[in-house]
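Look for subunit A in each of the two complexes below; its partner is subunit B in the first and subunit C in the second.
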Partner chain A sequence: MRQRAALVLGAVAAAALIAPAGAWAHGLVGRQDLPIPRWLFAWGAAVVLVVSFVALAVLWATPRLQQVQERRLLGVPRALEVVAGGLGVAAFAVVVYAGFAGTQSATANLAPTVIYVAFWVGLPMLSLLLGDVFRAFNPWRALGRGFGWAARRIGGEGMPEPMAYPERLGRWPAAVGVFAFAWVELAYAQRDDPSTLVTLALVYAAVQLVGMSLYGVERWCDRGDAFSVYFGLFARLSPLHWRDGAVYGRPPLSGAPRLSPVPGTVALLCVMIGTTSFDGFSQGTTWSSIAPDLQSFFADLGLASDHALEAAFTVGLVGVCLAVALLYRLGVAGMHTVGEHKSTEDLSHKFAHTLVPIALAYVIAHYFSLAAYQGQALASLASDPLGDGSDVLGTASATIDYQWITATGIWYVQVGALVLGHVSGLILAHDRALAIYSRARDATRSQYWMLAVMVAFTSLGLWLLSAAAQQ
Partner chain B sequence: MGPDETATTETQVAEPAEPEVPTVEVQGGKPKGGVQRLEFGSGDQVRFKVESDVADEIHVHGYDVAKDVEAGGSATFAFKGTIEGRFEVELEQRGVQIAELEVSP
Partner chain C sequence: MTALPVAHAGHWLVNLLYVLPVVVVVAMLGWQSWRDRRADASEGDERHEGV
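And then the complex of A and B:
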């Protein structure tokens, strides 16, 4: 019988200064994960190392994932696309309405849980399983297409052609958009305020409509719309591919090598990995020892207390994203020294897609329990979206079952996701190396560098979840 | 930015028979000495006490247990630690976290 009833003081007293923003990322979270124990950390790290070296020895010797045949599974009627788009717009309207008209308590209003849990965390996982489903439901894309259709009906042939999308812009708008969302979630003081959130959602949608009207709906969604690009990247790992009015089957991961490495792609992936890392990092002791100093530095510059805290978190967010970018760059610089001395810029682009599974693994490791628990709140929130006591669907009194998976079960999901992400990244990198190096020996040697990068990312991921970082 | 280092618990050393009940002190609507962590093992009896100089409702998230406390009064919590994880203990009306409950396997 363990009767451990201890109070942790000292260090916690210091941490408490930033506790509202640090320890509890937002008011939405009723339960936080326990840090993974040391034994599991050790096992996870050991498996990663063994798998990596075994992979070097046994992986195939000719590229397999660069050109794959997709198998047509079934056709998708065009009407279904229209229906899905309509549903997306309707859901968006309900969330915006709830955000403005409903209670401003974060947990009792539908908007924050839909935005932070169903949308931001649920859709990446869904995209892995089912492919790019967001594309069909994307409300601003549906609106953009609707407006385009109406304009053509009214204006006839006189409609101007969209401008050519600037090549140099690439995926930069998406990188900026994902960073902005992460900033709102992790640094912004009003992150839980329903009306603020939906105001930002409306602003975002308006910007997308402008982008689509300038450059064309599909072009903008492929490059500029942060969420289309974000979910679309994860969907590349999926065995399902929706295109040309049909669903196609393909080997998992095989969509990733087709990623065109336009400008901003590497930045986007570093933002994705960096912001998730910072979410974990900001809950740990290292950050809680730095943050008060940063906060008081900004307070001394004349910022009010909460803005100083926002500034401190912004610095942290940018810092971790840059650290992730630097790590990837180091690996690429290492590869540059091998064999034919390919340019680092070129290598950086050619291996960008290998970061996609790592980014998804980070998302799952950090947010699985949020989806697993807070996701259940959608049942009651959907029935009472405004938090005014109504019960539209009869499920308003549904509660969250915190016991369907144990803390140990969550640990296995977290470590499992990181190990699988690691292996997937290695496979993609290995396959790409075989495709671009003319000598197999150079391909293998170049991969020592990528291996080091992947091991670093996975160890970082494990460390962020561990007691060493979380305390 | 000097956190109060001297924060301690109000332990009654005089009565060894009584199992030590961790106490969270609330002063001016804030936890004295910062947010403390209350640690228990899974399946154990979770017991702690909140002494508050302000009236509010104390809410243990996850377990969804809530008790009212009067200004200058105290509230004692006792329930079985069946859900593993870390949970926020909050002054509901003020929206201030006063402690963190940890139930580990």
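And then the complex of A and C:
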């Protein structure tokens, strides 16, 4: 048993050495004026995590987040939900129209910035602050509910009930959807082409409508709609919970332990962390030295140059997701050696929610500068969505202010997000361990492994942040 | 004979500085695990002798 423990500890360290984790490709990083070398931040972060771990072991003796009472804050009129859904559909229609009818320049057309910045980066941050706002504005959910309402009006009681959602599918459709989006963003050669992007958006919407018609709108949104699930996971960390026509208040993080550990949940979270990680890794020198060889390999197999590059990036994307999954699996395998020897599979599911704040930390650290700078472009793009020189809102001439936050300020936000995200992961893991282990001592010991995993994720994240800053 | 990539040693050393905290924490936790197991074993022995 001791040998196995040593083996797992060694493997965590080895994985940390070889695994390419989070990095920060899309950020516009200027000159940073830091008082200490960047690598010292990794040491500082490790100290913070260890101190947090000790503090949790000493001060947090009983589970506090497993069963939390929510407090009703205010009611939400049903009409507001309908209006929000209508706004979501209208916004979707405008983006699709802009993508087809507007200029095909990625920076002058509204569609790419809305999809890659407002939607993919802005909504996770908004979900943390305000809860699951996407659910209210989700255009395909609104359409699905609208179609359902119309069908019931026309078909009456004779409408067939949706099929039962297959349990073994779990969140796998969402995992595939998030991976597919990341593939388009990171590997697909036509990723910046507005008309291609909105065509893919329409295809995605059509798939969602089919899923909803088969399994019911709410069930499909909870499990199959990649974006609904993705933003919903981040919303679990929020102090606000929208449900049953009201907004409820709760302690931050307390929504995460309620995550049902259905099949595909761990895979989804590893994809979320892995794809963000690869985005950063692909900007670094290590990938730059590997990618040409991989591309040549696929070109030798007969692929055209751009497809060979796509294949190389696909291999990288899959590899990083698998590395993240391996790191998590090693932590769980270590936990298995402690105390009551719970099954690795069971532990893997029970601790899956601890990856949610890490995924969000990676998103914030990776994309904060993109949101901070490119997000401002939405003011001018909203006024000139087609890029044809129009000025609908009078803000077409708005420019991006690069001075409102310095490169050093961005670095501190990134480091802060990574550290906070991993400390949050430790808190969730500690609280869950207290709930499932009968002895507090075993609960704490089981978390040695999660601490090692968290320190590994943090150091790797900071390493890649640093690599991106030096590019 | 293959030349050693010493020209970029500085880069590699800086990268290692990011790995070191992980190694230190893992080593620390491994040592603590070993101590925990020893304490458990001696606790078990004492209980056994008491019986």
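In this text, the second predicted complex is superposed on the first by the 408 of 471 C-alpha atoms of A that agree within 3 Å, B and C clash if a C-alpha of one lies under 4 Å from a C-alpha of the other, contacts with A are read in each partner's own complex, and residues count from 1 in each chain.
Here is the rule we go by: contacts are C-beta pairs under 8 Å (C-beta built on N, C-alpha and C of every residue); 3 or more make two chains touch, one makes a residue touch a chain.
Predicted model, so just to flag it, every value in this text is computed and none were measured.
Student: Mind telling me which of the two, subunit B or subunit C, contacts the most residues of subunit A?
Tutor: For subunit A, the partner with the higher number of touched residues is B.
Student: A:219 contacts which: subunit B (first), subunit C (second), both, neither?
Tutor: neither
Student: Identify the partner contact of A:307: answer first if only subunit B is touched, second if only subunit C is, both if each is, neither if none is.
Tutor: A:307 sits against neither subunit B nor subunit C.
Student: Report for A:462: first if it touches subunit B alone, second if subunit C alone, otherwise both or neither.
Tutor: second
Student: Taking the superposition as given, does A:39 touch the first partner, subunit B, the second, subunit C, both, or neither?
Tutor: After superposing on A, A:39 lies in contact with subunit C but is clear of subunit B.
Student: Could you look at A:296 and tell me whether it touches subunit B, subunit C, both or neither (first, second, both, neither)?
Tutor: First partner only, subunit B.
Student: Return first, second, both or neither, reflecting whether A:64 touches subunit B, subunit C, both chains, or no partner chain.
Tutor: A:64 contacts neither subunit B nor subunit C.
Student: Take the contacts of subunit A with subunit B and those with subunit C, and give the residues found in both.
Tutor: Residues 2, 5-6, 9-10, 12-13, 16-17 of subunit A touch both subunit B and subunit C.
Student: Using the touch definition from the top, list the residues of subunit B that touch subunit A in their complex.
Tutor: 1, 3-5, 7-9, 19-22, 31, 33-42, 44, 47-48, 61-62, 64, 82-88, 95-97, 100, 102, 104-105
Student: Please name which positions on subunit C make contact with subunit A in the complex.
Tutor: On the subunit C side, the touching residues are 14-15, 17-26, 28-30, 32-34, 36-37.
Student: How about subunit A: which of its residues touch subunit C in the complex?
Tutor: Residues of subunit A touching subunit C: 2, 5-6, 9-10, 12-13, 16-17, 39, 42-43, 45-46, 49-50, 445, 448-449, 451-452, 455-456, 459-460, 462-463, 466.
Student: Spell out the residues on subunit A that touch subunit B in their complex, using ranges where they run on.
Tutor: It comes out as residues 1-10, 12-17, 19-20, 23-24, 27, 29-34, 292-293, 295-296, 369, 399, 402-403, 406-408.
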